[in-house]
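Working notes, beginning with the structure itself.
Chain nomenclature is as follows: A, B and C, assigned in order of appearance, with residue numbering initiated at 1 for each chain independently.
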Amino acid sequence: MSAAVSPQLELRGVTKRFGGVAAVDGVSFEVAKGDIVGIIGPNGAGKTTLLNCISGTQRLDRGDIRLNGSSIAGISPHRVAKLGIGRTFQIVKPFGSMTVRENAAIGALFGSAQARRGVAGAFALADEVLELVGLRAKADHPVSALTIPDRKRLEVARAVATRPQLLLLDEVMAGLNNVEVDDALDMVRAVHATGVTVLLIEHVMRVIVGVCRRAIVLDFGHVLAQGEPEVVLRDERVIQAYLGERYAKRLKS
Amino acid sequence: MIATAGSQRRWRRIFLVVGAIVAAYALLAPLSSLDAAQSAGIPLLTDKFWFRIATYVVMFVVLATAWNIIGGITGYAAFGNVAFFGIGAYTTGMLIAKAKWPFLVALPLAPVLAALFAALVGLPLLRLRGHYFAVASLGVGVAVGELVQNIDYNGQPVFGGASGLFLPIYAVGHRGLFFFYLMCGAAAVAIAVTWWVLRSRFGYGLIAIRENEDAAAVIGVNTTAYKVAAFALAAALTGLAGGIFSQWNVFINQDNTFPIEYNVQMILMALLGGTGTVFGPAAGALLLQLLIQFLGGSLPISLDIPFVSSEARPIIAQVILGLLLIVVVVFVPRGAIDFFGGRTRLSLAYLRRSLRETSL
Amino acid sequence: MAAFVQLVILGLLAGGVYVAVGVGFGLVWGVLNIVNLAHGALVIVGGYITWQLFTAFGLDPFLTLPVDAVALFVLGYALQRGVINRIIRAPLLFTFLLTFGVNLVIVNILLLIFGSDFRSVTPTYSGQGFELGGIVIPYVRLASLGAAILLSAGLAFLLSRTRIGLSIHAIAADRDAAQLVGIDLRHAYAVTYGLGAACAGVAGGLIAMIQAITPTAGEPYTLQAFVVVILGGLGRVSATVVGGLAFGLVEAFGQSIPGSGSVFANAIAFGLMVLVLVTRPQGLMGRLR
């Protein structure tokens, strides 16, 4: 990683408070173009809040967020999307009365400068994306007929259809069983292979080790450690934060 | 799956054919009152009194179709759209009565002013969701009506005050016909706009907002701009109807241009016919307005209730209307459109199901 | 200064009625999530009961207030149990339309029974008052302010200290969880609406003593109840009391602006409501949820 090339996404001292509590407190890290990075941390570590700050759903209180060198801190979500950051929600938010294809097509109708196109073009792009995430066969199904794993896929499809350069995935594996997680991992790899930078939140370790090149550990709003997943996950502080002090001691002895 | 699609298509075809026949009759029958038609011996298919009711019906087609854009497609329960009707009526009315503008020059300003006002109040109001938006928009509707009636300048009411505003009668042959067709034109514009919206990128954005506003924002829909645009579009169409109403009715005041019950009626019409569709609100308007006129005793076919004096009849009509409203809301929450398109058939099981779905 | 004090006193006295109108509406809205467009009609029903008892039996109007409360509670309970409970899970538009339908039916039935003449309740002491520092304070106004405060205190007590009150709190917090701990939702909903209607009935009794009523006079009270509840903030009786008094003050000061009629004050009140909604949706007294 040469210093001359500015990172695609850069967070500097990002802070978000709720009342007196800092949910995210001075978080700084960088994501290089084409990378696939995982953010892990226990529940309440501030992962989703951080994602909300990046995607503009929540306004940060302090710090700066830069995309390709220019600040995107505090701008509204639709402009963030237009600049090329797509995201999913942990609790899926499909457009309920529409079909699967229409959901994806709306992403392509709006989205980044690369996506925005007419209605017919959007449906064509939607079909491509549904193929990619493995929902092609269910394109005409109403959302209400989808299983939980498929709804998560749809959430990803809609975000991918916005043609982002950076994709933020908020716990797309949560609530899935082992087989389903494997399928979902394949999907994330497939999406990444199209050239999209991926920043994903998980608290399933297996996911991070499985697909990520780098991992960032959050705890109480702070960055606890970052680096290669295997190294980071062996870090004593991380184990403590994650599994509790007693378990950490047992590992040491 | 295939069988349903087939019957759906068949039902839609039947629905469209019946609708087209009704529309064609409604549009062409008034022409039989023209002198030329009379001298040619064509029997009079309508009497002039009917124009008034027909024009009212078509006016509500405009109002319900316009409400559908913000309420049905965008999903914001606007309860104060009557403000736009009143603003449209008073814009045209003032320009004609005070500034002596010709009607057709004054009319285009009605939708413009209504839309401007909607954009202005929409910016803060559309940040509210759910009940709060509904209540705040109702508040705006009431407040505008009262302001219009009460604004004084140098002790003189600016907008005619409580005694209202009289307009000169518009000099045109076959006035009844003229305003009927003008209102039909407004209805055609409203329906065409809805048709376009539902096929456009704009419309998809609005539907995305209705379905999930947060998700719409993160895929790149400029939610504020879209909501305000939808509100202004609805306001423009509503204002257009108001503008036509003012010259047609010649006299406007707070009671006939800002009635709160119009807010409820347009929503009920859209619900009856099916919100979010192109023709649903129009069909609902036709049904409900004819029913209201029937219950009010304005139609030639009228209802005779035994043991009820003629004075009490309009009151009984209102009671029936209220009960009907309750029944529709409780039993047919998805609108009459459900029965077309083969999705469901009206049956006891359907009524029981819709009751169970929403019941505590 | 004296004029200012006078306006404040007049405003607070007028606010009493708004408190009474607001508490029931706020309860139904806060707990059942229903914006009750029939509220004004219920207020008027209360007014007519007071008028009927006063004219037919010469009962003191303040003694009719408990009758209003009981009668309206029964009516409200039946309405919620029989009709409104059936659309609780429907989108909010439906509750709006349904309660408007109920409003239409009640108003027109009143028209059939009582006609459209104005009726007023004028006990011997109406129009009398005492002077305090150059300001005449009418007995009826003062007593109705007292009654409104008493009504609110009673409601607050009921909600915080009784079994049914606690179950109302529970359904307001989480309907499904409340059901899980064994609360009969249909009954609790009906009781809540009944209590809201009872408050409306008492408000109607008070209003009948202050101004003439007609069956169609209810609509402004529905709108005023909105404003009051929004001004104060949803969810607490005490907030509604503040909202009601604040509304009375706004109205009094609005009417004092030279050249503005009484209706003009209404527009000011609604403007204020929209302002509060947009800048401070939780109300003057409410907490952010």
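Following the convention adopted for this analysis, a residue touches a chain if its C-beta (ideal position, glycine included) is under 8 Å from a C-beta of that chain, and two chains touch if they have at least 3 such contacts.
A quick note: this is a predicted structure, and the numbers were derived from the prediction, not measured.
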Chains partitioned by contact, chain B not counted: A | C
| item | value |
| --- | --- |
| Label of the chain whose CA centroid is most distant from the centroid of chain B | A |
| Inter-centroid spacing, chain C versus chain B (mean Cα positions, whole Å) | 32 |
| For chain A paired with chain B, centre-to-centre distance based on mean C-alpha positions, whole Å | 45 |
| Mean-CA-position distance for chain C and chain A (Å) | 49 |
| Overlap residues in chain C, where contacts from two or more other chains coincide | none |
| Contacts with two or more other chains, residues of chain B listed in rising order | none |
| Complex contact set, residues of chain B against chain C | 71, 77, 79, 121, 124-125, 127-128, 130-132, 134-136, 138-140, 142-143, 146-147, 149-150, 152, 155, 260, 264, 267-268, 271, 312, 315-316, 318-319, 321-326, 329-330, 333, 355, 357-360 |
| Complex interface listing, chain A residues touching chain B | 55-57, 76-82, 86-87, 89, 93-98, 102, 105-107, 109-112, 115-116, 118-119, 122, 158-159, 161-162 |
| Residues of chain C defined as touching chain B within the complex | 29, 33, 35, 83, 85-94, 96-98, 100-105, 107-109, 111-112, 185-186, 189, 219, 223, 226-227, 230, 259-261, 263-264, 266-267, 270-271, 273-274, 277-278, 281 |
| Residue ranges of chain B touching chain A (in the complex, touch as defined) | 199-201, 204-205, 207-208, 211-212, 214-224 |
